[in-house]
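One structure is given here, and the rest of the page talks about it.
A, B, C and D label the chains in the order they appear, each numbered from 1.
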Amino acid sequence: MRFHKIINDPVYGFITIDDELILQLIAHPYYQRLRRIHQMAMAHLVYPGAVHTRLHHSLGAYHLMRLALQELCSKAIEITAEEQQAAKIAILLHDIGHGPFSHALEHVLAEGMHHEDISLLIIKDLNKQFDGKLQMAIDIFTNAYSKKFLHQLVSGQLDVDRMDYLTRDSFFTGVIEGAIGYDRILKMLTVHNGELMIEEKGIYSIEKFLVARRLMYWQVYLHKTVVSAEQMLRRIIKRAKQIGATCHEPLNSFINLPLENVSLEQFCSIDDYDVLVAIKHWSHHPDKVLAILCRGIIDRVLLKVKYAAHPFDGTIVAEKATEIANRLSISIEDAQWLVFTGEASSSTYNFENEHIFIWFKDGKVKDISEVDHALINENMQHKIKKYYICYLR
Amino acid sequence: MRFHKIINDPVYGFITIDDELILQLIAHPYYQRLRRIHQMAMAHLVYPGAVHTRLHHSLGAYHLMRLALQELCSKAIEITAEEQQAAKIAILLHDIGHGPFSHALEHVLAEGMHHEDISLLIIKDLNKQFDGKLQMAIDIFTNAYSKKFLHQLVSGQLDVDRMDYLTRDSFFTGVIEGAIGYDRILKMLTVHNGELMIEEKGIYSIEKFLVARRLMYWQVYLHKTVVSAEQMLRRIIKRAKQIGATCHEPLNSFINLPLENVSLEQFCSIDDYDVLVAIKHWSHHPDKVLAILCRGIIDRVLLKVKYAAHPFDGTIVAEKATEIANRLSISIEDAQWLVFTGEASSSTYNFENEHIFIWFKDGKVKDISEVDHALINENMQHKIKKYYICYLR
Amino acid sequence: MRFHKIINDPVYGFITIDDELILQLIAHPYYQRLRRIHQMAMAHLVYPGAVHTRLHHSLGAYHLMRLALQELCSKAIEITAEEQQAAKIAILLHDIGHGPFSHALEHVLAEGMHHEDISLLIIKDLNKQFDGKLQMAIDIFTNAYSKKFLHQLVSGQLDVDRMDYLTRDSFFTGVIEGAIGYDRILKMLTVHNGELMIEEKGIYSIEKFLVARRLMYWQVYLHKTVVSAEQMLRRIIKRAKQIGATCHEPLNSFINLPLENVSLEQFCSIDDYDVLVAIKHWSHHPDKVLAILCRGIIDRVLLKVKYAAHPFDGTIVAEKATEIANRLSISIEDAQWLVFTGEASSSTYNFENEHIFIWFKDGKVKDISEVDHALINENMQHKIKKYYICYLR
Amino acid sequence: MRFHKIINDPVYGFITIDDELILQLIAHPYYQRLRRIHQMAMAHLVYPGAVHTRLHHSLGAYHLMRLALQELCSKAIEITAEEQQAAKIAILLHDIGHGPFSHALEHVLAEGMHHEDISLLIIKDLNKQFDGKLQMAIDIFTNAYSKKFLHQLVSGQLDVDRMDYLTRDSFFTGVIEGAIGYDRILKMLTVHNGELMIEEKGIYSIEKFLVARRLMYWQVYLHKTVVSAEQMLRRIIKRAKQIGATCHEPLNSFINLPLENVSLEQFCSIDDYDVLVAIKHWSHHPDKVLAILCRGIIDRVLLKVKYAAHPFDGTIVAEKATEIANRLSISIEDAQWLVFTGEASSSTYNFENEHIFIWFKDGKVKDISEVDHALINENMQHKIKKYYICYLR
């Protein structure tokens, strides 16, 4: 009997693991840590169902990779068993470098570190632990492997990462309009000249996919209340660093020591739970700014936030800062932690960096923005930017 | 206890009828006839689940109207009980004038008659039978009623008709990408200056709705195999008329008598079943053209069809006609029934006739194509046209 | 590239056909005829979504067979490629012998013929047309093949036939409580001593399956309004035969000639459409009984029906018959076509004929009714019977 | 415009809050704390989607209460606006007394305290804060209110609590077989003689509901791996108390002080996050037993667990304890923290305490176990008991 384990997933039904190495990776503490990192940081404050984890998302992306590889193989695209395993490992571990609250605290807890760089460090560490068996996965992850389409499945316009996160985030938030036809898209995948492409009749599904992503950005990821909560979270960590607020270890080291003094192993031992308990602790901190921000996250009393099409005038911020400073008997500088502006942006399709290639039956290949009657056109080459102001009520 | 009947619907769960008059209309033979008219004509030849009926769609649209009116009332928009009943009746009966195979045979069986005109004739007839109780529904249906938004809910860019048919057709075909967020759209409906509008935060849902419609058109309604089957259907009726092929009554009168000689009552007694049995009968007809077309529909041996971005050259048709004429020993004229070209078109948003108004919190109103970063823009003002050729294999 | 066709199914997503012979069988007119036979006869008069076809159900059962075979193979149960093809063909064609309105008219149109016998006749006919390639499918269908579990997958307590019809009928009626965990059941299938069994941890899923079936019987298949409509349908055909009512051919032969005078080919050319058009025709028949029954089906004016726990007293029927005879000026004998009693029954689990075997990890095998704490127990060995009376209002 | 807030829920679509007081209660820190308590404790270690919260469940139960009250009102059962508000508050707050990891740590952290008692304490505290506006909700919660059926909706065989948790837990685990037809059950609710009942035609839905619960217990809540993890969790807290392991406040007080020394306010400030961070901390504790159990929870290295129909022999435990003691160089007493037996039990329907009354059209009322052909019968009066052993691998 072939080795075979199934995991229940409300999104896809069952996820099958039929590879011993992959099972060992899933069982590794570094991977299990992802159970304690929310996929969508603070979005659950608006969408209470959105409490799913990075572990769940990674498993889902792995599942889609498995289906994608099956589909490509059935179209006579050559992918060896070893390559299949490597591609599945690459996607399984692609987010393993995410720290507490993922993107919301990226660059803040571990300043200047991008989560993909940390993922790579961890995968390399695992590669040692597993006697070099992850080398091909590393090559695919870093786009050093000859079959470029395998990397594109891990990271690209049509990667299974975003196929899973759109599907899963839409499922758990209940914003069903964000759902994409992932099964149809998978069936339309093909490879030409070593590049991942979409068959002609999949164009409308891809349009739908891009519009779904656009919707999810503005309705969910950049929802004003979510932005407010995640900005508060960032400011909590920054303020704690500034004033040297202490908490339990090893999180305390990330707050109070230079990054070079903390180890990868320490990084791999912190998660959302540590940050949240620190926030609970700091909600009684004598520093008013820190205490207010922390209490706000715990009790869901968030900074008021407004979006506008144009940047906010600096005088508004100054006025509000003065008002807050007076009200709380704090300095203007401190008050500016509680009133601030920012911008949120998202591109539907970026004409310079992004390419979704459509493969036509007659052998022609076109960028999706160049097909006849394209929905995706030059008007969309600019990012949509919106400006916000957050302030204490 | 209040009068109350519930109908199971796989799409919405339960549909509630809580009005005696509406129940009587549903029970009327004219309405029950819609059980025997497919909502999607021949689409089930490609999507086997798409066998739902006009009756089911009408009930669904009625259900959405009920929700839409509840929503608007909860927003303090004044709608009397009588108006609510009338709007529900108008949508319930909006498709009652559809003949066999709905759009696929429109203008063919009853030449020159649009189904909405026939609907109006039938609603007027019912109004007599029900002692004038349908007069306000007629006024709403014909846009003669003062509260314009009630008509817009029945027939307009945001009407519950298309909300239901996109939702329902997507459900029964299994093309889940065609699903729209009808519940969110309903919650975003509002009325200003007597016109139906969408609240600002509903913009992305509306974009999704327009793109879903675009997808359903090209993936389902204008799927090449569906187009082939429906063109064959039209040609069967036309050929039968041309050669005077007979069948059972009263369908025979529609085939062989001038339209003015057939009554509304006769119209209300024919349905898909009559046409299909006639087709089965004619599949043994001595006229080769008629027999081939009929046999093709029954056995699902359809004309080969190809789509192209540009019109097909007449010489291709001529060549194929010659080949077919020789093969079947028929005249070139007759062969042209078995090879022909045509065009299919669909607009995503028509800038001249169509308006979806967005209502902003500051009181401004904009057409959806004019909001910042609009997905729907001038590039989309032209219809998408595709050209097809159909021919006997 | 491997041969490969996909069909959209709202229930399972996509159904894959990857065998040329199976595709040819699907394309055969005998199979395409199943598009014109409702899976659930008259149930759509209560559940308007229940208009799906025998073709759709057969495709679904084929899909589940494909998954079941994959699952068993992954458990190292030996099934050759030829056996897999044969099992898939057997289930694909298992219902091909159904006539118009399936069970509702079984034994009435073709008196004394069980649909499985006709299926076998047709499969044998197809076997000739396809040069004997269906022989192993026939052996599996008739339980003449050595690997008994293959037959059990086609026809048995755990066959994919009922897994599909419960799933599909539940889906299209919207009675979601009838849904079963088909994917989990499939994953729990195993084979021991040549017999199909369920692994121990699947017990609760099977209990749920049996209770779902019980619910579907009483809530849907034997819903009193459905029973009324289907009894009317049977009486229409019987009455037409009795009085020699004529209609179009070849249905007319089934009504008015002895069964031995009609051919298999003729059988394969009639469907729901013929019967319904005949009913429309007879709704104007001079025979009052026939006309009333026919008009009732067309306009959904059904006989009143009541269920009771005990048989109805004959005097009630006699009284009502007298009343109807007087009202319609017909004889008592004729009136008895419009008032009658009957019984409906269904067993949840039949201890004598039915066995669902549970395979325990320690190698023991038990009937599901014998496991500890069984939900399915001796109390359930009797059929549930309910008695009904139908009569003209 | 009426006050009106909607919350997205993947299970029900939208949850509507249209009452200012209810919104204030939701915004209260005591209620927001439920965001940090998993609904299903450690079940996510088996079912990764099962990370939903007590807050989400409470909102869902509130939503079903709202629908139930609407349904009963439409059946002319008298419920005043005040009673409706009170019933909605009672269900909204019914779980507010749950501590970290809900049932899994019940009676362990706060020894001898049942969560419903704590809920009552908290609701009374809120009642003071809200000037006595919660008094009727308290009366309904404690069954002191005259209309008994309101209490039964909050807590009883057909309460909206279990309707939501079965529906929601089934949804988030992906064990779709646990789904119940909550919408149909709600439509079948009625009240006679002041008691909540089910209309006759709802019997099969209720059977399905009981069988779904049975399935969820054994497949999910009492899944052996879940039992193992939750037993480990209990033992961690007990061991910490025994050896006086310290952690951050205020959790530390619960571990190391007598219960009477900790306040309700302190109780309301601890949640899953505190316990999990303490477990991470203790995974480096010098006490081997505590460290092993803690490391196991964090890395998902769980004690091996086996179920059996009969109690395990004490000698097996003794043998394993000896083996573990030797292996880890700890005492036998300490080893017994790492090998132990227990029992899990669940009743499908308890004939003594539980009643689900069926109301027949003729006015009769029967217990569901007494109706003809009952699925629920005397055989089921005993609890199902299973015995387990857990031990360090």
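Quick note on the criterion: contacts are C-beta pairs under 8 Å (C-beta built on N, C-alpha and C of every residue); 3 or more make two chains touch, one makes a residue touch a chain.
Keep in mind that this is a model prediction, so the values were computed, not measured.
Peer 1: Does A-D or A-C have more contacting C-beta pairs?
Peer 2: A-D
Peer 1: Of all the other chains, whose mean CA position lies farthest from chain D?
Peer 2: Ranked by distance of C-alpha centres from chain D, the top chain is B.
Peer 1: Indicate the whole-number Å distance between the mean C-alpha point of chain A and the mean C-alpha point of chain C.
Peer 2: 49
Peer 1: Based only on mean CA positions, could you tell me how far chain A sits from chain B in angstrom?
Peer 2: Roughly 42 Å separates the two chain centres.
Peer 1: Using CA atom averages as chain centres, what separation in Å is found between chain A and chain D?
Peer 2: Their C-alpha centroids are separated by 32 Å.
Peer 1: Check each residue of chain D and list the ones that touch at least two other chains.
Peer 2: In chain D, the residues touching two or more other chains are 13, 175.
Peer 1: Where on chain D does chain A make contact in their complex?
Peer 2: It is residues 7-11, 13, 27, 29, 32, 35-36, 44-49, 51-53, 55-56, 59, 171-175, 248, 269, 273-274, 276-277, 280-281, 298-300 of chain D that touch chain A.
Peer 1: Using the touch rule from the top, collect the residues of chain C that touch chain A in their complex.
Peer 2: Per the touch definition, chain C meets chain A at residues 1-2, 4, 6, 13-14, 74-76, 183, 187.
Peer 1: So in the complex, which bits of chain C are touching chain D?
Peer 2: 175-177, 179-181, 184, 201, 204-205, 207-208, 211-212, 214-215, 218-219, 309, 348, 372-373, 375, 377, 379-380, 384
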